[in-house]
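When the chains are written out, they are named A, B, C and D in that same order, and each has its own residue count from 1.
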Amino acid sequence: MKLHEYRAKEIFSQFGIPVPKSIVIDNENEGEAIHKELEFPVALKAQVLVGGRGKAGGIRFAESMNEARRIIPELLGMELKGHAVRQLLIEEKADLIHARELYVGFTVNRKSRSFTCILSSRGGVDIEEVARENPGAIARFDIDPEVGFQQYHARKLSKQIGLAGKKMLKVAAITVKLYDVFRAYDGELAEINPLILTDDGNVIAVDAVLNIDNNALFRHPEFSSEGKTSEEFTDLEKEAREAGLAYVDLPGDIGIIGCGAGLVMASLDILKQFNGEPANFLDVGGGANARNMAKALSIVLKKPDVRSIFINIFGGITKCDEIARGIVDTAPGIPISVRMMGTNEEEGKKILTDNGYHVYENMEDSAKNAVEQAKAYREGL
Amino acid sequence: MKLHEYRAKEIFSQFGIPVPKSIVIDNENEGEAIHKELEFPVALKAQVLVGGRGKAGGIRFAESMNEARRIIPELLGMELKGHAVRQLLIEEKADLIHARELYVGFTVNRKSRSFTCILSSRGGVDIEEVARENPGAIARFDIDPEVGFQQYHARKLSKQIGLAGKKMLKVAAITVKLYDVFRAYDGELAEINPLILTDDGNVIAVDAVLNIDNNALFRHPEFSSEGKTSEEFTDLEKEAREAGLAYVDLPGDIGIIGCGAGLVMASLDILKQFNGEPANFLDVGGGANARNMAKALSIVLKKPDVRSIFINIFGGITKCDEIARGIVDTAPGIPISVRMMGTNEEEGKKILTDNGYHVYENMEDSAKNAVEQAKAYREGL
Amino acid sequence: MSIIIDDSTKVVVQGITGGQGRFHTERLIEYGTNVVAGVTPGKGGEKVGEINVYDSFDEIPEKPTASIIFVPAPFARDAALEAIEFGLDPVVVITEHIPIHDSLEIVHRASKKNIVVIGPNTPGIISPGKCKMGVMPSHVFCPGTIGLISRSGTLTYEIVDDLSKAGMGQSTAIGLGGDPIVGLNFIDLLVRFERDPDTRGIVLIGEIGGSAEEEAAEFIKGHITKPVIAYIAGRAAPKGKTMGHAGAIISRGTGSARAKIEALSKANVRVAATPGEIPALLAEELA
Amino acid sequence: MSIIIDDSTKVVVQGITGGQGRFHTERLIEYGTNVVAGVTPGKGGEKVGEINVYDSFDEIPEKPTASIIFVPAPFARDAALEAIEFGLDPVVVITEHIPIHDSLEIVHRASKKNIVVIGPNTPGIISPGKCKMGVMPSHVFCPGTIGLISRSGTLTYEIVDDLSKAGMGQSTAIGLGGDPIVGLNFIDLLVRFERDPDTRGIVLIGEIGGSAEEEAAEFIKGHITKPVIAYIAGRAAPKGKTMGHAGAIISRGTGSARAKIEALSKANVRVAATPGEIPALLAEELA
């Protein structure tokens, strides 16, 4: 789960990483606290979990209270890439003229099967962009879990991006602290971008990213309630997560349900091959029963523009008759194209054919049929 | 530094180790809170940093408020092995009839150069006694720092002391938590003795020991002010620690000052060989100057029954003239027997002889002289 | 022959007393896997079917050589580390939802001790007719000469079913696991299948996320002489979304199906457009 | 010959820009130690006397082989781990007051990489006439055939002074360090002195605390043929009190001088009653 900037900064600060002085507000009136708490100029930052927030207008600056009063209502309640802005982080604006912007981050490296530390002398921009256009500005290090991430590793990286003397030490120290956050919070990603380094050697984390491994939330009960309902997900995605289903919203009009992530991905691919557009990815998981299947169908059906549904079941642990019962119980009301094989195949087929459904044995045929049905349905409208 | 039981228990509790419900009081009036906070019977425990507190009468029990009212003033202000009781920990008394008493501890193992976990089925008594008399009741494990101390290690130990099923799991889980405390607090020793294990599988830490490495106090600033003045030291020891001198109070009448721990220990030994009784151990350290030496003398002189002082200096980094100046500046007023060799030996000797002191080159002779002087001084009284 | 497991493998089931553990232990025994014991801490002395349950490995009379883990995610790290310290090899971690920091520790400890970890979040491994350490439906597999390496579960069964029906049995089939960090990668297994005299052809089933397929492609060029047919799931997947498997996500510019297919094609690996195409392509290559 | 260090040893001084580092670097150079560089993070580019200061090892043009550490206690762990990772051998840790959890980590990492750590809290090591990596007053030492192993600093100088005056120079003299956890024990060095053809006799200077002397005694019985003379400081020390050295404490029933002296005597090691007796006892044994 992604944490909001202000919460990530709270945590960073607890670990000794300097962050700007700030307040968090969720209504206009609270904005009056700027007076007491902060010095102008201030940055007003929409707390939404989307990338490119700055470019999308989610970050504004105010030189005075009057200006802040004008900006706050504009930001609160605005929509940023589909997400309503409900909270603002208001913080003292860092002086960027006498400072450099760096990047510090930790991530899980799938290839080296280790944690990787990345430092860059080009902060404030997308690190992938820097990696493409100016790879020399980036220093990377794969952490040996036996040795851990030590100050001397951090110093080496800090030096590699061109720092020296006390600045080198300061950035190294902050980097180790960020590693501590990353490890303590089961981070998938911990990032400061930009890390401001002033001419007189002070550092401030102007932005803060902390993505916590959802699977580790049992160790972080303070976040566990949010893990499933984080605003990074759409409403349907949240509903599916709460029901224990793996679901991803997609822009098409053909619903897809299958068992097993690989099989569902393959189902999407085949559908696309036949020029169908998937409305979603939905994996009911291994061993789903009639109730799970009914729930899956009900979620897929909540999208008003779904024209047909492609169901692709290869029964291993999953029993075909359970799936069939789930379909029949739901009675979707739009065309369903079912492909079903494996455990209790015969019973499943019988239940479906008895209720007027056709069952395919081959997934290509079933996908093709779903595409045609959706087309017919669209044209029939 | 040793923590008081109640502070160790606070920490244990934060790490999820169950401790009895309790209050801490430092005067009689506060004892009235027992009513509101606790259920009888309660244990009233003097908070002093000495061993064998129970046998010395520092732990009492009360069945009622009246009984508690009688006991509290008896305990508060009493002396336990030379330490005034200033605080009481009052806690609900664990039911020992339906329970077993175990021992769980972690320590630094000099021989294996690792942390060692010790579990024993015989809690509530001195673990060294158990080790001598019933070694079979003890399970030990040296921790490989690369693997860490895992639940499965703890389970194995827990099983070795005769536990099974849920009790085995419960004690293992508490053991791992105690390891977490030990690591987080730079423990020299972390100990629960006894750990109560009830018939229905609950555990409670009835006593708690946590000794923190003084050298690690920079990582634990919450204790750093106490590190030098902990009540485990005598007043003179505290004063010496604050001055950066290694000092130990001893019961004899001949003060000893030297540079280097090994040399001072050897000085004590030689003094004893000549039937002298050291009043202290004092190492001024390498590179001591006149001021350090004067401070060292002033501490040694604070003991009224010191009859002579044996000063043993082998000048490496330490300069003999600085030492001599420190002696002359102090003008101790009791017999001083100085042995001095090494760096700036000639200058040092000159300063001392000019001021009427005799200087030895051989430490045996000097020690012998100190013993004779003390004897003469005693007899002259 | 087969790789990693065969009929001499003696299996202990960790987490045998849970629902999944019980169910699949029965399936393993049915299949003929030599399950010598179960382990569930605190339940030593119980029985699951005919299998004795112990608190820990050192109490087992007939020493196991390998472990399959069904322990719930919060305790799986401890279970796997215990198996690794005891020297069991392979350690097959079926459990899903293990924290990634835990998986890294498991994988690291295993590599230090030169032990094979399969998974986490894997359907397991099967050497048909010899030994099964997994949760796959046994009936779709049959003994043969095809080595199969997959990041997926159900999709693998689908493909194996097709292969078996087309008369192409399997020497060994392995699910790497659907998590971002798993014990084995394609290359580890390509090497073994290349060496295995009884494996004639290899099927590689990849999916979006990471770059294991690209690395495999690079490796195949110089080192693999046996025919390899690949399939990559997730061409239609959007960026930045986890597609069921925690590891199936296109992020930070890497992991797209297109890049994987290109890399494999460049290495002269034929990539099937649909799972159904695989048997025919493989038959051509083996002909 | 000598052990551990000799005239081919190239030394880097970690923490060279501090007061202690500066002072002793000058002394080392005076003695003839080949100091190739200094390291103080953040002070790269400075100079201490003629010696260039660098931020880290990999910037040093003439590769050092060994390190001596004067870094303050809170940063010493990092410095030592860096030296160990860089492969320097030996790593001599002069610093006092290093937390014991840190020392354990240093010692453990070094043993994994088979690197000699001397200290922490050691006066260092000297092979007279060849190389000095320590803070001992050089003038008391002279080249010869006595190997000396000690847990103490000043007491060692005292004893070495007596030995030198009695015409018994030293092959190598080593302070193990006064902390409870140090990199080397007596046995590690007894083995080396036994093997060193130029060492004829060994002096072992122990003190209260721990059981290193008892272990040494046990080892000497079966493995050491050269004469060993011992001295144990702290006969007059009380229980449970730290006598200057963090490691010099009789606790939990172990570490008394009496037990050590008994163990050594049983192993036919002559134990001097006073430091001053050592030269005569040694001369007798060597005669």
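Rule of thumb we're sticking to: a residue touches a chain if its C-beta (ideal position, glycine included) is under 8 Å from a C-beta of that chain, and two chains touch if they have at least 3 such contacts.
What you see is a predicted model; the values in this text were computed from it and never measured.
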Outermost chain relative to subunit C, judged by CA means, is B
More C-beta contacts across A-C or across A-D? A-C
Chain centre separation in whole Å, for subunit D relative to subunit B (CA means): 27
Distance from the CA centroid of subunit A to that of subunit D, rounded to the nearest Å? 55
Taking each chain's mean CA coordinate, subunit A and subunit B are separated, in whole Å, by 53
Quick check on subunit A: which residues sit in contact with 2+ other chains? 146
Going by the touch rule set out above, which residues of subunit C reach two or more other chains? 112
Edges wherever two chains touch, nodes for the chains themselves; is that graph a line, a ring, a star, complete, or other here? ring
Touching pairs among all chains present in the structure: A-C, A-D, B-C, B-D
So, in the complex, the side of subunit B touching subunit D is made of residues 108, 110-111, 113-115, 128, 132, 145-146, 183, 186, 188, 213, 215-216, 218-219, 246, 248, 250, 258-266, 268-273, 278, 281, 283, 286, 314-317, 341-343, 362-364
Subunit B partner contacts - residues on subunit C that touch it in the complex: 41-45, 55-56, 58, 75, 78-79, 81-82, 85, 109, 112
Quick check on the complex: what are the subunit A residues that touch subunit D? 146-147, 150-152, 155-156, 159, 164-166, 168-169, 172
Parts of subunit C lying in touch with subunit A, wherever the complex brings them together: 73-74, 97-102, 104-105, 107-108, 112, 135-137, 140, 150-158, 161, 178, 180-181, 205, 207-212, 215, 231, 233-238, 241-248, 252-253, 257, 273-276
